[in-house]
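Shared between the two complexes below is chain A, which pairs with chain B and chain C, respectively.
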Partner chain A sequence: MADRVIKKSELIKLIDRLLESYRVYAPVRQQDMTNFQEISAADQVDLSLANTTMSPKSIMLPQSETMFEFNLDKTSDQAAILRETEKDLSPRLIFGIRPCDAKAFQLLDLNFDTVAYKDPWWVARRKTTTLMGLACNAPCSTCFCTSVGSGPFSTEGLDLLLIDAGDEFAIQILTKKGEELLAKTSIGGDVSEATVNVVLARQESSLKAIESRVFTEGLKRHEVKAFFDGDFWDELQFACINCGVCTFVCPTCWCFDIQDEVHKDNGVRLRNWDSCMFPLFTLHGSGHNPRAQKLQRLRQRFMHKLKYFVDKYDQGVACVGCGRCVQQCPVNIDIREVFRLMNDLKV
Partner chain B sequence: MMSHPILIRHPEGADQLHWDSFCSTNLANYLPQRKERIAIFAKGCDSRNLVLQILENQIKREQLYIIGVPCQGMLDRRKVQAELNGRELLGVRETSQHLHLLGEGFMDSLERSSYLQENCAICTHRNAVIHDELLAEPVLEQEGVDRYEDVRAIEAMTASKRWSYFEELLAPCIRCYACRNACPMCFCPVCFVDESTPQWLGKSIDPTDTKTFHFLRAYHLAGRCTDCGNCERACPMSIKVRQLTKKLEKDILELYGYEAGLSLDQSPPLDTYSPDDPQEFIR
Partner chain C sequence: MENPYLPYPVRIDSVVTETEDRNLKTFKLIFLNSADREKFIHRAGQFAELSIAGKGEIPIGIASSPTEQEYLLFTVNKVGVVTTALHQMSAGDVIGVRGPLGNWYPWEQMEGKNIVIIGGGFAFTTLRASIVYLLHPDNRSHFGDITVIYGARTPGMLLYKDELAAWNERDDIRIHITVDAADDPNWQYNVGFVPAITQEKAPSAKDAYAVVCGPPIMIKFTLPILRELGFPEERTIMSLEMRMKCGVGMCGRCNIGGEYVCKDGPVFSLTQLSQLPGEY
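After this line comes the complex of A and B, so read on.
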């Protein structure tokens, strides 16, 4: 339940100590929002908002990253040979990650770290990154993590969990990585029974506060085609403007595009986030686009998350219930409503 | 504090219609190239976009039944959210001058006028400029509004300061294109950023590519932007993209005396040619 406590006033000291051994990413205030950034001092951390606007996905899968470099100078014996771009893979800490976002990393492992295929940078980053979570005492009305395999105090995918217990933080150690991290600091003390009681009470009230539910058992009830042909897509797609907001704020949308950019004789091979909402996503070299219509693109996003993923991995849906897409969609499309429509489908 | 645009095909669907200070989405965005007859609810800005879309052959006037909705200005949900400071909002009640926020153990009353969207606070066309029927008596238009205070402040900067201002302005951009897709005037069949043969623009978040996207998009809206604010409202990173379009709006007004979308008889100046067009800026 809790292995150590630190006073709230000691948090700055703790982070400063951790900065000696880790590159630390934490929520940082940017006007009205917070987002994960690499920090250089503990006082940059801002834990006052329920969650960051962007998920911490980019820390593991940067929106744009150079994979290889090459030169096209034909006189060189290195011409057109890809050289892997060096990356800083020194130990990192994501401080204050919410349980839903940590769960998202586990779902992305299913894609980037498989028996057959291992994305070398994803795997390396996962290995060298420690996740120090922050339990949610006050979830949002858009949170529905508890119905998709996570929860406000869920420890899944985390190395440590911090729990705000009033004047102090209770710390739960969950993995060896977490233990090693805490061993680097000598801050904090033993957990009193009173603290344990506060933690239990907060956990209970937080679970109760999540009133938003989705249901998923119906997603396996029919074959893909039944959902694909669902008559609800047409109405659902009307409002969609096919921007990339939902896919970019989503912690589990992993699609990317690979592009070469060349200037004179020097080139780089980049991996960029892509979005199934974009017309270029499936544009063929021939000029044909199998998903030329808005309906097809919107359907793809939800089918991938709530059907293809479910069938392929048997690990639930590709959604952790963080509610970012619900909050940020410019036209108020609500994935919980899509859950309902798909789950309740009658054929 | 959000609305959801719908297309109603059956009379019973009309029960879903809703009007409050967060119905800010510009519905004209859903019209280009539609073939059927459509009734559309239009605030002042929406109606100006209808005018422009008719002028630019995106929709025909006779296809439309325009229901004008006199507008008191829409509220900025982000400004209201900032007021909540992390507290969970459970309900909103509106009266003519106030917005009441309800939550667990609190009820805040906000002065409506302080939470208007920035474009609405300086709007001078709140009533629909074309309509087939009006839902209410026209509202009084705001007078003596200084629309370009912020633009003049940017104009007054030195070139290098201005450049860093724009760099900072656009740095948070994640290239989701919500601003473009929310824009009722961004209806090119293929946007230049989506062209692939040749590809004009990089797909990464390289700052030069990002700025190129925003600057070019703004230029393409010169004389065509009604300052409806759909772009800024859609931006998940709260970037003030109107800073760019407003400068061009001001230039067009100064050069051509034209305000976008006020009359079906006047095409945007850059869509047409007239022998007495100003040309002193051409060197």
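After this line comes the complex of A and C, so read on.
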């Protein structure tokens, strides 16, 4: 339940201590948003918000990153030969990540860390990054993590969990990585029974506060084609403007593009976030486009998360219930409603 | 850790313009490092990403057979940014190859069976790899009759014309070449669309696999004829195309239902395809 406690007044000291050993990423206020960014001082951290506007996926899968470099100078014997860009893979800490977002990393491991192929940057970053979670005492009305395999106090995918228990933070140590992190700080004391009781009470009240529910048993009831041919897609897609904000903020949307950029004789091959909401995502060189229609693109996003992924990995849906897409969608498309329509499908 | 995105450097050894419209060229590639060549072990039906530094990558079927070990062949249609850049390159230029990628025609299952290869237009590339593989002295005895039906719009649009003529002379492969129309009075082969020629030549479905590769319109009208001839769905094999980037099942764009064409395909039986949404 809790292994250590620190006084809230010690939090700054703890983070400063951690900054000596880790590159620390934490929620930081950025004008009208709060987002994860690398910090240089503990007082930059802002834990006041339920969750960040953007998910922390960019820490593992940057929105744009250089994969390879090359030169096009024909006098060089290395001309046009790609070489891997060196990355800073020193130890990192994500401080204050919510349990839902940590669960999302685990789901993305299924895509990027496979038997056949391993994405070298994803795998290396996962290995060198420690996740110190922050339990949610006050979930949002759009949170539905508890019905998709996570929860406000869920420890899945985390190395440590920090729980706000009034005047102090209780700390749960979950992995060897987490233990090593705490060993570097020598901050904190033993846990009293009173603290344990506070933690339990907060956990209970938080679980109760999540009133939003989705159901998933029905997603395995039919074959892919039954859902694909569902009559609800037309109405769902009507308002969609294919802006892609859902894929942009989503912690489990990982699709990417690869593009080359050249300046004079020097070039880079970049990997950039992409989105299934955009027609160019699937446009063939011939002009043919298997997902030319808005309906097809919207259907792809939900079918991927709630059916293709479910069937492929048998690890549940590719959604962690963070509610960001529900909050950000300009036309109020609500994935919880899509869950309902798909789960209740009768054939 | 192997980086699946890093291409092997290769040198263009030769460039052959295949068709009268000059839009299709075959590039013969030689690995710069012999260790890379040894790592590149492919089966007929697989593809690779060709990489041009500064332009990007394109997924292209491997036109050389695994039995042609010293080089790789790719026949490329000039369509977009990367293929146009490639068409402007010449022998000696350095590009990259990433692969082999995807699955292959089901050679293990097809062993001992008759093979009917049906191709149209510039989709004949991995079929060429297959024919060269099948006809290799080490492999020919492992397969039954081989029948090829290959069509293009005009005689000048056929790929690999010299090889077609040579195969036509052999008695261990039956080859039916056809064109939509020919204004050459000396044209000695068939005239007619691939589906019509398939119906006319009526290859037997007994103990046979059909491997079909061509433009959507050819596929659409050929499949019903194969069904009529008695080819069951599980012995009708197709190869699909999709826009791709990573080639290793990670970037998310080339899926049909839950299958990634780059990694789970590009080769599918009609049985497999019939389970998937028709989104391709």
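Rule of thumb we're sticking to: the second predicted complex is superposed on the first by the 347 of 347 C-alpha atoms of A that agree within 3 Å, B and C clash if a C-alpha of one lies under 4 Å from a C-alpha of the other, contacts with A are read in each partner's own complex, and residues count from 1 in each chain.
In this text, a residue touches a chain if its C-beta (ideal position, glycine included) is under 8 Å from a C-beta of that chain, and two chains touch if they have at least 3 such contacts.
Everything numeric in this text was worked out from a predicted model, so none of it was measured.
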item	value
When chain B and chain C are modelled together on chain A, clash or fit	fit
When both partners are placed on the shared chain, which of chain B and chain C touches more of chain A	C
Which superposed partner A:Q259 touches (first chain B, second chain C, both, neither)	both
Touched partner set for A:L283, first chain B, second chain C, both or neither	both
First (chain B), second (chain C), both or neither touched by A:N332	first
First, second, both or neither for A:Q293, with chain B first and chain C second	neither
Which superposed partner A:S192 touches (first chain B, second chain C, both, neither)	neither
Chain A as apex of chain B and chain C, Cα-centre angle in degrees (nearest 10)	90
Contacts of A:S205 with chain B and chain C, given as first, second, both or neither	neither
Contacts of A:N242 with chain B and chain C, given as first, second, both or neither	first
Chain B versus chain C as contact partner of A:L270, first or second or both or neither	first
Per-pair minimum CA distance [chain C against chain B, superposed on A] in Å	7
Intersection of the chain A residues that touch chain B with those that touch chain C	257, 259, 283
In the complex with chain A, residue positions of chain C that touch it	1-7, 9, 32, 51-58, 79-80, 83, 93-96, 216, 241-243, 245-246, 248-258, 263, 275-277, 279-280
In the complex with chain B, residue positions of chain A that touch it	30-33, 48-50, 53-54, 63-64, 138, 140-141, 235, 238-239, 241-245, 247-249, 257, 259, 261, 270, 272, 275, 278-280, 283, 328, 330-333
Chain A - residues contacting chain C, complex	67-68, 70, 72, 79-82, 84, 111-112, 114, 116-120, 123-124, 223-225, 228-229, 254-260, 262, 267, 269, 274, 276, 281-286, 288, 290-291, 296, 300, 303-304, 307-309, 311-312
Chain A-touching residues of chain B, taken from the complex the two chains share	2-7, 25, 29-30, 78, 81-82, 85-86, 88-90, 172, 174-178, 180-182, 190, 194, 196, 202-206, 230, 233-234, 236-238
